[in-house]
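Given below, in the form of structure tokens, are the structures.
Here chain A shows up in two complexes: once beside chain B, once beside chain C.
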Partner chain A sequence: METVPKKNRTWALVIVGFFVLVSVISFGFHEYYVYLQAYLWFGFIYGMCLQYGRFCFASAFRDLFAVGVPRMVVGIMIATVLFGFTSAFVNATGWSTFHAAPTSIHATIAGILFGIGMVFAGGCASGSLYKTGEGNGVSLLVILSISVTQATFVDVGGWFNKLVPEPWRLSAMQKGLPESINVTDGWIDQYLAGYVWNQPVLRFAEMFGMKTDTVMGAFVGNLFIGVVIPALILLLWVYLVWVKKNHVRKIEKQGRTVTFRDHLEGFWGMIVSSKRTAIAGLFLGIACGLQMFVIEGLRMKFGVKNAGTLLERLGFTYGLSAKGTVFDPGYWYVTTQEAQWVGWTMQKIFGWNFMDNIFFGWVNGIPNPAFNPADWMSVALIGGAAVMALLHNEFKFKKPTKELAIWAIIGGFFMGIGSRLALGCNVGAFFVRTAQGDPSGWLFGLGMIGGAYIGVKFFNWWTERKMAKEMAGLEFEL
Partner chain B sequence: MAMKFEKKGEGHYMLDVTGYVCPHPQIYTKKALEKLQTGDILEVVFDNPSSSESISAMCDSNGNEIVDRKMDGGKFVFTIKKA
Partner chain C sequence: MARTYLWIVIIIVMAFLGFMIGYAVPPFMEVGFGGGEQIESGGAPVDEELKKEFEQLYQIEEGSTESE
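Right, the complex of A and B next:
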């Protein structure tokens, strides 16, 4: 095993020390900061898990389509089922912080755009965060692109208002939003209030006549029907299409006839083929469920329903939404806080009014990133990944090349658009929702698979072209 | 740094995808292996940690043997024998 240089261990210690110091000092100011610290340390755990397992949603179907490697699909399904299991406990106790999303085709369309973007960018929203922690400049550029695209997209109006269907505009006007939001100016505002909010909000338990906050509804409806069965179907499909052929070939080489038992062993072999990914999935699934418990517990302790109230009590009122709230999901989320810091920066420094749209002004706010719970989570996620990378001697600063910078910006753009249309990214719109038995998560996932397929087709053409140039002087048949 | 593919000797090639992120290293490795003859050696140089998992899994499922793996300071060198 490779020895970890002392310098790496020192830096890992510095990063951990920094987060400990932030926690201790902020607690010294007020006990309310425990709320932000909870986000911080869960973010740190996520970062460590993601880096350890090379856990990137982008690689799940991309690597399957591009190079026939199923490890990440397996890892994600393990994490989803385990998160679903811990969530079922949380749901059954009524402590869940989760709110299901509207279910309709918009989730699939958004998923396609997001899927294309994550293949182009070389990482999904969460993958880009953890890879930034590995010192990867391309991933940092992806995050910047996602952040700026989202913040701009949710505020775009003017000429784009002409693209809004009339029924959306009329429906949005009937939602009784405050004048400060100016709902008829902004494409996303009218898309949200005039279309998305009109779609059914449901979970698998409710579709089968059960209540989510009962043992039956949480474990049978949402977990078994909504998570375990679709995950098994997906894994079976992956085995039959990508893994079975090679497994059968290996057995036939031994001169044996393939039996059903061999297929079971092949299926299990696929599940455990990447120990690192499977272990990361296991810890991620448990940590995600635990975060819901912890955040809801803290809300009860402090007598609040949203972190906006805590920020107000602490005297930070800038950037609270018209309802006095800020983005405070209570679970793992990635993209909204990325849009928020851009929104805050552009409003604070350049005077651009971002509070006249639904996304910021009515729902999420644009609090100072230094006091934004979800931003604490993302920063700590990068830190956790950096610590893990340093301790495995995998940390390396990498400047983006021109080619990769272009892909990063284009990919980030597509992911930014996709995540706002779906109200979340690969984590918020897929991982969290599917694990909670929300069918819109699977609709987004289907779109992501389709988008990944399109992205891989393009990249196959692109790399083939470049390989042909490189091999031109050699004796290969091109 | 741009991708490089070079012949190092008879049946011995080198693919350098240092600086590239996913999915480039694994796709280039797959495409390079497809061009080689059985028994040829491909040295893949890359510095994207997650590609190490994907390249290992890809070789395992295709029967190509990774005869040597080196990792130093975030740089990986996999020596692969084409099956």
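Right, the complex of A and C next:
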């Protein structure tokens, strides 16, 4: 850290200075901007934590399946449990901004597509953001691909309407959506209103007869049953499949018989080996819980339930949904705001009407990215990651090669589709949901792990095939 | 040296975080800690005029009369 060039240090301060300036000036305009600033500074913290911990779901499962290194997977599981703990505290007080998602097999299918995509792209949704902050051009392409795919996918109709099952169409028509939302034109519209909205919304606490906003429900139902036990099962699986063999070999080399205590030590060794990711996870968990607390407090202070009201009061009505709302989750999210800025750009510049679909027109809106709270979070996340990378001498502009660019676009495409089917990415659909005791998060996670496995196997096959071709060409030349 | 810069960044972030927490805590103090159910029913009221404005927001632009 001591050998960091002066240029890096200066740039780090310039980036922080920019966010400070935005915060101070916007607050000078109106105190409502504190709401957007909350998103900004929590995004900044997420960026710093992600870069420090190299917190990437794609790397985690690729390392595990391709080379048998479990460090990152373990770190992510620890982070999930820690976030679960802070969430349980927030949930118990009844101030959580979290809303559970519908639970059904769609989450697993979406997770498979997302998992394949993140391995192809070489980074998950949050990983691509922090890597962009490190100057990685491939990751920026991944973000662009995810964004464009999502914005297009939620609006696509025409021939795709023929692929909609009739029960979905009929059910969607019965939802009483306003005329401005053309619910029978759009595959995603009918998928959401005709299928997803009909699925049960569950939390582990309620499944076991408890209430989420009680100490018992939050800590026993959602945290212990919904987070700790599944995470332990996953960690045990990782230990048994990838870690145990080497650990046993080491002990047998010492001429000892392996005992249960040895396995416990091996398991603990696996846990503490991912120190950096776990530390990042600890701070991520605290920040995520704190963001929910701060946003809920600000909502109460300003007397609003959604940032759309604040934007309307500030005079920004363009892009508000038919309900007068904008995307305002109140916690960490990645992909929806990426779709929004593309939606806003395409509607504003190319005149494409995005407000006739459920995703934009009924739920999230397409506010100007300059006043979109969640966009402030993502931009600041990239900034936070850049600052951390600069101060650790890990920042470097990397131009994508043609091959990597193609993989980035394909991977981003799959992640974009998966995100919209699951109503979130590895953060919104997995990390946040699992930590809140939402079973749909684990369903998405199972799919994502399966998808990552398929992605790794396909990549191995592709690389071997390519190398065989190159070798054959070399032999011919010789 | 870089470590010092990192601490400067952390202090700035903590300062803003503290500022926002300072903004967020008073409403909770008014409601009372641990009163989650109260908040559900007794959150800060939204102005009636504002509600009407939202209801009419798209009706004016698109002639739609339906709402949720």
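Throughout what follows, the second predicted complex is superposed on the first by the 462 of 478 C-alpha atoms of A that agree within 3 Å, B and C clash if a C-alpha of one lies under 4 Å from a C-alpha of the other, contacts with A are read in each partner's own complex, and residues count from 1 in each chain.
The rule we apply is simple: a residue touches a chain if its C-beta (ideal position, glycine included) is under 8 Å from a C-beta of that chain, and two chains touch if they have at least 3 such contacts.
This one's a predicted model, so the numbers in the text were calculated from it and none came from an experiment.
In the superposed model, A:178 makes contact with chain C only, not with chain B.
Of the two partner chains placed around the shared chain by superposition, neither chain B nor chain C is touched by A:248. When the two complexes are overlaid on their common chain A, residue A:67 makes contact with chain B while staying clear of chain C. Of the two partner chains, chain C is the only one touched by A:299; chain B is not. Of the two partner chains placed by superposition, only chain C is touched by A:34; chain B is not. Touch criterion met: A:54 reaches chain B, while chain C stays clear of it.
Of the two partner chains, chain C is the only one touched by A:93; chain B is not. In the overlay built on the shared chain, the residue A:207 is in contact with neither chain B nor chain C. Shared interface residues of chain A, touching chain B in one complex and chain C in the other, are 2, 392-393.
Remark: chain B residues 1-5, 7, 19-24, 26-32, 35, 47-50, 52-54, 57-58, 60-63, 71-75 touch chain A in the complex. The part of chain A that touches chain C in the complex is made up of residues 1-2, 4, 8-9, 12-13, 16, 20, 23, 34, 37-38, 41, 44-45, 48, 92-95, 176-180, 213, 290, 293-305, 308-309, 312-313, 317, 320, 322-324, 387, 391-393. By the touch rule above, chain C contacts chain A in their complex via residues 1-3, 5-6, 8-9, 12-13, 16-17, 19-21, 23-28, 31, 33-40, 43-47, 50, 53-55, 57-58, 62-68. Residue ranges on chain A touching chain B, taken from their complex, read 2, 51, 54, 56, 58-59, 62-63, 66-71, 119, 122-123, 131, 134-136, 138-139, 243, 246, 273-274, 276-277, 389, 392-396, 398-399, 401, 403-404, 456, 459-460, 463-464, 466-467, 470-471, 474, 476-478.
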